[in-house]
Structure formats: structure tokens, C-alpha cells
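In what comes next, subunit A is part of two complexes: it sits with subunit B in the first one and with subunit C in the second one.
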Partner chain A sequence: MRPRLGPAGFFLIPALALILVFYVAPLILSVYISFTPLKNWNLDRYLGETSLDNYRALYSLMRFDPDFQKVLKTTVVFTTVTLAVNVLGGLGLALALYFMDERLSLPYRVLWLLPRMTPVAVYSLLWYYFFLGSPEGTLNSILMRLGVIDEPVQWGTDPRLLPEMAWAILVIVNGFVGVSFGMIVFYSALHNIPREQVIAARVDGASTLQLMRYVLIPQIRWHIVYVTVWQLLSLLTTFAHIFLLVEWGVVDRYWGQNLALYVFLKAFSGGESYQGLAAAAATILVVIGVVLGFIALRVMRFREMMVEPKGELG
Partner chain B sequence: MSLVSRLRGLRPRPPAQRGAWDVETIRRGRLSLVLAIVLGLAGLPLILLYSMLVLSSFADRMLSGPDIFEARYSLDNWRLLFEGRLAPASGQTYTTRDILMIIANTFIVALGVTVVVVFVSVLAGYAFSRMRFWGRTRLMEFLILLHAFPGVALIIAVYAVYVWSLRFVPRDWFVPYTVLYTVLARAALEIPMSIWLMKGFFDKIPWEVEWSALVDGASRFTVWRKIMLPLVRPGIAALAIFAFLAGWEDLIYVHVFLYPHVKTLATYIEEVLGTGTETAYLPVVAAAGTLYLIPTIVFFVATQRLLLQALSGGVKA
Partner chain C sequence: MVEVRLERVSKRFGRVVAVNEVSLVFEDGRFTVLLGPSGSGKSTLLYLIAGIYKPTSGRIFFGDRDVTELPPKERNVGLVFQNYALYPHMTVYDNIAFPLRLRGVPEPEIDSRVQEVAKLLRIEELLDRYPGQLSGGQQQRVALARALVKRPAVLLLDEPLSNLDALLRLSIRAELRKLQQSLGITAIHVTHDQAEAMSMADKIVVIDRGRVQQVGPPEEVYERPRNLFVATFIGSPPSNTLPGSVESDGGYPVVRVAGSTYRPGEEEARVVEEAGLDRVVVAFRPEHARLLEAPPDEGFDGLSLEGEVYLVEPLGKENIVTLTVAGLPVKTVTPPEQRPGPGEKLYIAVPRPRVMLFDPDTGLNLWSLAEQLAAARRPD
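So, the complex of A and B:
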């Protein structure tokens, strides 16, 4: 006999209610809004009519609007480069920490976790000041002392340095936050590898590099897949740090903006705001995320690895 | 397992015995040193950034590295911060009351998120760990999917519902309502992962403890409240800290829902810098940033020990 929700219902209702109100309903509503011409949050006036206009508008923006094209290019470059930095950097950090003395590695783990633990506003403040275009900015000040540059450089907004410098700033700022995720997951995965295998490899005379290449990395393949897919989806939709960098003028308005931030600013900017258009862009973002996620899982043969027991569920 | 522990038992060797190296940790000392130096260099920007922030909060100017020995240090910035002598927009200054309100608001949001997340996830985590019901596995997978779901796609609709609901809220209740809505919306983002975390903690508790109580005729709720809750206390603490930090550091939700009626430390810093650095005295902003940073560091250090304790058998029946 199949037990029904029954007594479990009491324990589950608060969670299910929150999920219904703040995930499921908004998701459906979001897709609906993407077909309406909603703007300036005038719900009474615009929510009645539906059309494909927003998607048409996005298509023509993509073809003819140079600013939107900048945003799309930035999204692609930012997502791929930061993803590579996060996964490879996290793997490198975890391996380095693994080979280090346990007591020595602790302060490093804390250091690399700091950006993740720092409030977004403070973390952006740190980098705002680091890349500040005036002579007081940390980077300008140091380079001027060293005699590398004669006058202060507007790192993220100087037209001669665009778009690469703006992209570099985005990757650096987000990369320092992102690597710690891979670091934690890989570090604990490495410590779960049976020690006999490491010892056996050492007895056979494996060098540290060979040990990594043939023993350690193959063992944590599942975790590499997991971190890659997870980070891909997060990076596609992250925008909190970039939001402040753009708002404070650290990076160029369009070369420093990814699609997620574009959606956010379209819906929530102070003057005219276009929620219908933003919802359409958000819906496309979700579709891209789902498709890329599935492709990534397929390419990295997630299914085969799922056989590996990952704790009980049933 | 016994093989491992026996081999591990062999490990400590007198370091003077050169050549008698350990099979597992071949030349570990030198490798350790090299790695430490490399990692230290890679982390240098971070060390630089954080130390500049904290030092600048005491200095008479923003420090940028080479000038740390030239500046004069005092508590003036901190005094200015608490006096609210900082112009958010031209011709406007905060007052002492504003600053204390801003700090209090940040605490209210963070504590609100903590209460909601802990209450909801401790209930649901128990059900997922201990009870059998239709769709359990599928729901668990669904939660993971939800966590991966882009927040930016949700916030438009969440805000639309909020705008719509405002028409039913009396004017006097506006501020409490917005705070409550923000707390619930922000807490919801943490729910999927928190339920997974709590389920893990409940899973570690042996079934026998619960059976004996159930056999004695206790109800599921009594078992949960009287027996399970005390046992998962380390889990609840870890969860509470994560939830508090999420609420404490949030920028997007407080920016969208609360600004400018209710200001928190995040929107305060955003506002001051948004008006342009010409008007803002940056060392005070550094002090505000440091103040905002302190609880997260304190909690982080606390979590490290707590999590270790929880992982290394702190949860015992």
C-alpha cells in the first residue's frame, strides 16, 4: 500500500507553501508577463493583452541594437571565461591544499573563502576602490609609483581599453568569489579518496603529477561535472556583483553588463521600465540555462556516473 | 578501514631520519612550502584588498598600498559614521538615528530570514528524512532543480505580486508589510538547499532512538519536538548561521523591495557611492564596510568549528 501525504503533510506544509508562492507561481506568472506589454508596473492597464511583441522586439534588438549586442557578447565571454577560471582555479586550489600540511592549509582556505562570506556591497566596494580611475585608486597608485603609467587610467571605461579590460574586471571580481565553490567541493572529495590508492601509487613510484593525473582527478570526475554544471547555471544568471560595478561606473555600462543584469535593469530601473520585455529576456535566459545544462550533463556523461551511489534517497 | 588506520599509525617519523621518507607523503615538507608560497602570491590581491579596507577605516585618507606609512590613524571615521555625518545626496546628511536604524534594519531582515528558514527547513527536513509519502524522491530532486533556477527570472513576478498586493495594505501597515514580504521572499531562496542540509543532519540520527519513543506511544510531532530537535542542534546552528548570513549580506532584495523606505547597510553603501565619490568621504565608507563585514567574519569562524564538530561526530545519539 502506498502511504499518502498524511502525517508528513503537517511537516511539509510551510515549505510547500513558500515554494508555491515564491517559486512555482512566479515562474508561471513570469512566462505570462513575457507575453504582455507590461511597463512601469502598471498592472491594471497592461496585464490584459497578450502578444508576441516582446519576443519580436528582442529579436530586432539583437539584430540592430549595438548596445544589446554588446550585452550579448559580454554574457558569452564572461560566462565561458569565468567558468573556466572557477573550475580550473578551484581544482588547482583544492589539489594544492590537498598536498599541503593540514594545519598550514587552514588559513588559506579561510582566505579564499573570504570573498564568498563578504557582503556583496562590501566586496564590490573593495574592487571599486581597487580599480578607481583617479590617482587614489589602488591599482593606479601602485602602477604610478612603479613608473609603469604616468597618469591614472580609467580601467573599466576607457574606450581604448574596451571591451577587454571591462571583461577582465568582471572575470576577476566574480572569479575570486567563484573559485571557492570548486575548492570546497573538490577538497572534500579528494579527502574522501581511500588512502590505500594514494599509498599504492606512491609505492609504485608515482610522482606528484602522475598521482594527480591518474589517481586523484579521475576519482573526482563526478564532482568536476557537478561543479561545472552548477557554476555554468549560476554564472548565466549572476548579476549582484556586476550590478554595483555598473551602477558605480567601475565598468562600461554595456560592455560590463550581462544578460541577467540587463533583465534586472530593464525591469527595475528608475525611469521607464519594461517588465514585459524583461520577462521575455528572462524566459529566454531560463531556456538557454536548461538547454546548456542538459548538453553539459550529456557531454560529460552524467548518466553513467549517476550509477555511483551518492547516498540513499529511497 | 583497519588497514588505513594501521598505515596511518606508522606515519609519524622523526624528521631527522633523512631518506626514510613516507610512501604516502613523499617530500611533503618541501612541496608544502612551495605550494604555500604559490597560493599566498595568488591570494595577494585579496589580502591587499581587505587590509586596505580595514586600515583605511582608521586613516585620514583612502589607502592604496604604498602610502600606509604616511597616513595618520585615528578613530575619527568611526565617530563620523556613528554621528551619521555623511552626505547621501547633496545637501542631505544622515543623523545618528538614521545610522542606528540602518544597522537595526539589517539585523531585522537577517534575523527574520533566519527564523523563517530554520522553522520551515527543520520541519520539512524531518519529513524528508524520516517519513514515507507519495512523491518523496521526486520532491527532493525538484528542490535541487529549484535551487539552480535563475533568481532574476523570478524576481519580476515576485515584485509584480507585491505591487498588486499593496492595494490591500493599509497605509500604516506599509513598512511592516514590506519587511515581512522581503523576509519571506528572501528566505524562500534559501529553502531548497536548507531542506537538503537538514535532511542530512536528520539522516545521521539512528532510527532506534525514534522507534523506542514511537513504540511508547508518542506522536510524530512529540518525537520531533522532544527527541529529534535536541539531537540535531548542531545542524540547526549551522543552518541558522547560513540563513543569517544570507539575510545579512543580501543586496538585490533589499534594493528592490525596501529601498528607499527601509535602508539596510547594503543599500546605504550603495547609495553613498552611487552619488559619486566627489561628495562622499571614502574613509567613512570604509568604516561602514568594515562594520558590515565584521559579523560575517565572526560567524564564519564560528561555523568552521561548528561544522567540523558536526561532521566529526558531534551528532551523536
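So, the complex of A and C:
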């Protein structure tokens, strides 16, 4: 008898095909490339031989190349700080919105969503002008007018301000985009909590802070886990804004570069390009992402939240 | 344990008047039921007492204390909701302990008070569980425990039984009533279920469209509804209402209703004349009407109508018979052995004390209209 394809299997085919073609195949391909000495897209010459050379190279870069070390440090700092800003900021905004009048909260939400709705280039351009090192730069002109500084500051590139200022710029630019994601998820989660629980807590004497801490936040734990893991993974791999900031010279080339951008530049920038090396770095990035993702789920006790409820339902 | 007093309390939400000039007294230690259809403003009234809402105008007193401006936590009220509103991430124990922890009560005292109230509500076995692991009835006990553990001055109950299945509702209803009596606590219970109100209340407050329609003990609200709304809202099935026109029978006003003539009592006749009514609404309760095979004898004093059986609903302990009387539906309740067939022609007899007359314009019962007329005549 021929094994029959169930309806579930049948309906999964289109999605599975897409995932196979656009995710699984490229993943396998890039892992493979990471073992080849591919460079300058010279497929005929370099594909075929495999070795661990790229990983060895990365290891020695990590030990001896100060620029690569900067990239790694930037990646760690940028990812953790922006993650904290995104999750905690999103939570703060959602809670503020929750206690806000509906008429006020709608324009407020739209305002915070603007960075996400604005095209990456336009949004980055705004920040380019904001942090511009000339007297015409928004920040410089404000501070000069207020008399805080006498001459324009090269915010992201002045060696005296590195690396903190470059990192701050990266966090600010990405933070404003990322924070709205947490805000939207948390806000809708908060609205799913029955209003009576809030009333009950109020009647029992809970202050707003106690209400948040004991009633509201514990109930959106699942959403916090979700947003944290999701943002962690997307921050590890984000580079669009950072690329433009680096290209336009808003931030220092290495103190303003994360590993994802490093991968991109190594593989695709003009001149000598090293696809094999980039693929190795990308593979490490994926491994780090997977490991961190699992750790996050573990730390936040994801399994505990997935326990089936007991007793009668409904 | 206090008396709760409302003085001309109104609450507006934008242009909507949810509660309109309500003055009420909830006696100390008594069980008062706020009864009304959904949207009548009864829950708003409860939330005003709890302090969740601030009245637009009017004052609220707990005993001698004016609490109008006080936030909920300073009023010391226990509140129980229809959906229980238990915190799903806390155990039953923590749910009950929560109000005490917020007040900074020391843990040993919290423990003894939680155990005490758990014993009272027979939920000691459930203290380690989460709300999601409990049945509806158990959850409502926990909610009640959480409201009682802080020894509130007033217990406010917002449709607490509406989410329970019918059987459980009956048993918890009785239990709740006994509990309130043994604690001697002032309780205010909101419901749209008139049977629940009748069975539990010391006093019923009927509310519709933000206004108090009638206040009184259950018997009174049932026997002497002040207006058409109360008459048709309380009772199951609700009162029958038929339009009648007033005619004169040798100087005495009589009512032509659904093809027959009803001769009102002297008291009512006087009000009809005094108010100059030419129309009235005739109403009676289905359980007060008898179905007869033949017209009632000459001596029968009351309302007699002729109708055709339309539908019979046997309920076991009784039957609900719907008839058409001059094209209008009329319901009667008959004993189980009396089970007429559809199409049968029968006579409906309602003894005089059970027939109610209302002014169609104001909806007022004639006795209530008489009081109003008397009040209007009285010089200030």
C-alpha cells in the first residue's frame, strides 16, 4: 500500500518548499562555503577543497587583530544594551500606555511606531544629520546654541569619545526602532488581562507600582520571553542601519561595526572579498544565536509556562 | 460593618448618564440586591460604592464617614466579580493573602487569617493550587475568601453567580446568604437574575436606565410593583400586560380590555377619575390566573378573559400555557395535571386583588400615581 499524504502534510507542502529553498538550502550552502577558501566570488577556482582554515583565521583574528577585537566588543555591547533598551523600554512604554487615556495612547503609539514605518535609509539619514560632526549637525547646533560646547563634536568618530559614543549612537538608532515591537506586543498582552483583576488589586490597596509588579508583569512573562528571544536573534543579525551609519562616517569604522555587518562587508564589499571567511563568521553567529536563544528560554523557564493546565476547563 | 448611604449620586460617562440622582440606604448587616437588566447602571452603582468610579455629583457615606473622595483602598470594601478575577499566576493561598500583604500585615498573622477564611469557605485543601486548576464554584469561593480575608466593612458582589452552572448557582446562593448572615456583614449584591434577587435579598433595589425604580423587600416588589418596568421585569414568566380603555358605566369607570369589561375597585376608580385617564394598562401575573373550561360564575370578582390556547410548555412541576386573547399573547401557569391542547377555547380568571392597573403614560401603578398626585397637591 502506498503511504498516503495526510491533509496536514498536503497543506504544509507550500510552506515547507519555501523554507527549504530559502532557508535550509542557503544555510547548508553557507556552512559548506565556510569550509572553502572562496574569495572574490571565484567559484571555479575555490569551490571543492575544504578545510578548517577560515575558522583558524577567525580565531587568530580574534587573538591578534585589534580591529576584529573592536568588532567583537561592539557586537557584545551593542547587542546586550540594545536588547535591554528594547525589552525594558518596550515594557515601560506599554505600561505607560496601559495607564493612559485611550485618546492619548493612540497618537502616542503611532509616534513610537514611526521609526519602524520609515524606510531604513530615510530613518538613518535623520540620525546622520542629527549626529553630523559639522556645526550644522542638529545635536551640535543645539548644544552650541545652548553654550554647552564651543565647537562641533565628531560624535561617533572622535577618538577621545570612542568607543562609548559610537556605541551610544548605535544603541539609540536601533533602540528607537526596536522598542516599538516590545511596546506593541506587551501593550496588547496587558489588554488581555481581565480589567477586573486590576480593579480587584486597586480595591485591595495596590499602588500602581505594586499593580505592575505583582499583577501585570507576571502575567505577560510569556510575552517578555518571546520579545527577548526574538529581539536577541534579530539584533545579532541586524546590520542595515549600522551599515549606513558606518558608510556615511557617522560612527567609527570598527567601533561602530557588529559581527553581522563584518560578515556582510567581508563577503560583499568592493575590492578583495572573502566569502569563505564571511561564511565562517556567519556560521559562528548562527551557532551563537541558537545557543543564546536556548539559554534565554531556559533562564526564563519557558517549559514551566508550557505545562498543561489541570482540572476542568471552561 | 457599616450602613452605606447614597445621597443624590449621579455618574455620567461623557453624555451617557449611567446613574441618575440615586439616593439609597443599605442597612448595616443586611443583604441588599441591586436588580436590573444589563446596562441599567447597577454595576456602575457598585463601583461607585467601591470607589472605582467617582460620582459626578452627590455624596456617599459609610456610616457617618463621607467616603465620596476616598480611593478604594481607604474604604475597606471586599469586591467579588462575575469572572472571579483571581490572579492566575498566584496560588490560591497567595491570592487570598494578597490584600493582607499589600497592607503589610505580618506573615504569621496573614497565615492564620488565610487559614481561618479558607476554613470558613471550605477550601483548605485547595490552598496550594492555581486558579486554573479549580472549577468555577471553587474559584468563586476563593474570590469570596480573598474579599473576606481583609474583614471588609462592606461586601460588594458583582454578579458573582452568573458564571456558574444552574445547579451550583442554587447551592452557592444559599451558602452565600448563610455566610453573610453568620458574619453579619453589610452586603450589596448586583444581579440581573430576578429569581436570585428574590431568594437572597433582605431588600431589593430595582434599577433601570440609571434610576431607582423601586425599593423594598422581595415580597413587596413582587406583590406591589411600583411601575410597569418592575411588574414585567420581576417574575418568571413576566407579568402579562394588556391595553385597556376607560369607559363609563353609569358614572363608574370601567375598563374595556381584550373584549371583556373589568370593573376596578373603588380606590383605583377614584385614581382613574382624578387623573383623568382614558387608557390604562391591565397587568397580572401568569401564576395568578386560573384557566377555566367555562366562563366564571356571576359572582366572580375580578378579570375574566376568553382565549385560545396557542402553546403549552410542560415544566414538570407546572405547565406554562400561552393563549391568544383578542390577538394578544397571554401566559398562564397551570398545575401539571391541567394540560390543555392547542386550539382549545378557555377562560382566564384573575381575582381582583391580583389585577394591577398602570397609567400607560408614566408607567406607574395606580397606587403609586395616587401618591404622586397627593404629593403634587400638597402645598410646600
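We adopt the following convention: the second predicted complex is superposed on the first by the 290 of 314 C-alpha atoms of A that agree within 3 Å, B and C clash if a C-alpha of one lies under 4 Å from a C-alpha of the other, contacts with A are read in each partner's own complex, and residues count from 1 in each chain.
In the analysis below, contacts are C-beta pairs under 8 Å (C-beta built on N, C-alpha and C of every residue); 3 or more make two chains touch, one makes a residue touch a chain.
None of these values were measured; they are calculated from a predicted model.
*Asks:* Between subunit B and subunit C, whom does A:Ile19 touch in the aligned arrangement: first, second, both, or neither?
*Replies:* Only subunit B; A:Ile19 stays clear of subunit C.
*Asks:* Just checking: does A:Phe11 make contact with subunit B only, subunit C only, both, or neither of them? Give me first, second, both or neither.
*Replies:* Once the two structures are laid over each other on A, A:Phe11 reaches subunit B alone.
*Asks:* Per the contact definition in the header, classify A:Gln257: touching subunit B only (first), subunit C only (second), both, or neither.
*Replies:* The answer is neither, since A:Gln257 touches no partner chain.
*Asks:* Touch test for A:Pro194: subunit B only (first), subunit C only (second), both, or neither?
*Replies:* Both partners.
*Asks:* Considering only the touch criterion stated at the top, classify A:Trp248 as touching first (subunit B), second (subunit C), both, or neither.
*Replies:* Once the two structures are laid over each other on A, A:Trp248 reaches subunit B alone.
*Asks:* Given the touch rule stated above, what does A:Arg202 touch, subunit B (first), subunit C (second), both, or neither?
*Replies:* both
*Asks:* Which partner, subunit B or subunit C, is in contact with more residues of subunit A?
*Replies:* Residues of subunit A touched, subunit B against subunit C: more for B.
*Asks:* Which partner does A:Gln219 reach: the first (subunit B), the second (subunit C), both, or neither?
*Replies:* So A:Gln219 only meets subunit C here.
*Asks:* Counting only touches as set out at the top, which of subunit B and subunit C does A:Leu93 meet: first, second, both, neither?
*Replies:* A:Leu93 contacts subunit B only, not subunit C.
*Asks:* Go through the superposed model and pick first if A:Gln231 touches only subunit B, second if only subunit C, both, or neither.
*Replies:* The answer is neither, since A:Gln231 touches no partner chain.
*Asks:* Just which bits of subunit A does subunit B share with subunit C as contact spots?
*Replies:* 194, 196, 199, 202-203, 311-312
*Asks:* Can you name the residues of subunit A that touch subunit B in the complex?
*Replies:* Touching subunit B: residues 2-12, 14-15, 18-19, 21-23, 25-27, 29-30, 33, 38, 41, 43, 93, 96-97, 99-101, 104, 108, 110-115, 117-122, 125-130, 132, 134, 136-138, 140-142, 145, 176, 194-196, 198-199, 202-203, 208, 230, 233-234, 236-237, 239-240, 243-244, 247-248, 260, 263-264, 267-268, 275, 278-279, 282-283, 285-286, 289, 293, 311-314 of subunit A.
*Asks:* Per the contact definition, I'd like the list of subunit C residues that touch subunit A in the complex.
*Replies:* These residues of subunit C touch subunit A: 47, 50-52, 71-73, 77-79, 81-83, 85-89, 98-99, 102-103, 129, 132-135, 146, 150.
*Asks:* State the interface residues of subunit B toward subunit A in the complex, per the touch definition above.
*Replies:* Of all residues in subunit B, those touching subunit A are 3-4, 7-8, 23-24, 26, 28, 31-32, 35-36, 38-40, 43, 45-50, 52-53, 61-62, 64-67, 116, 119-121, 123-124, 126-127, 131-134, 136-137, 140, 143, 146, 148-161, 163-164, 184-185, 187-189, 191-192, 195, 203, 220-221, 224, 245, 248-252, 256, 265-267, 269-270, 273-274, 277, 282, 285-286, 289, 292-293, 296-297, 300-301, 304.
*Asks:* For a test of understanding, state which residues of subunit A touch subunit C in their complex under the given definition.
*Replies:* 194, 196-197, 199-206, 210, 214-215, 218-219, 221, 309-312
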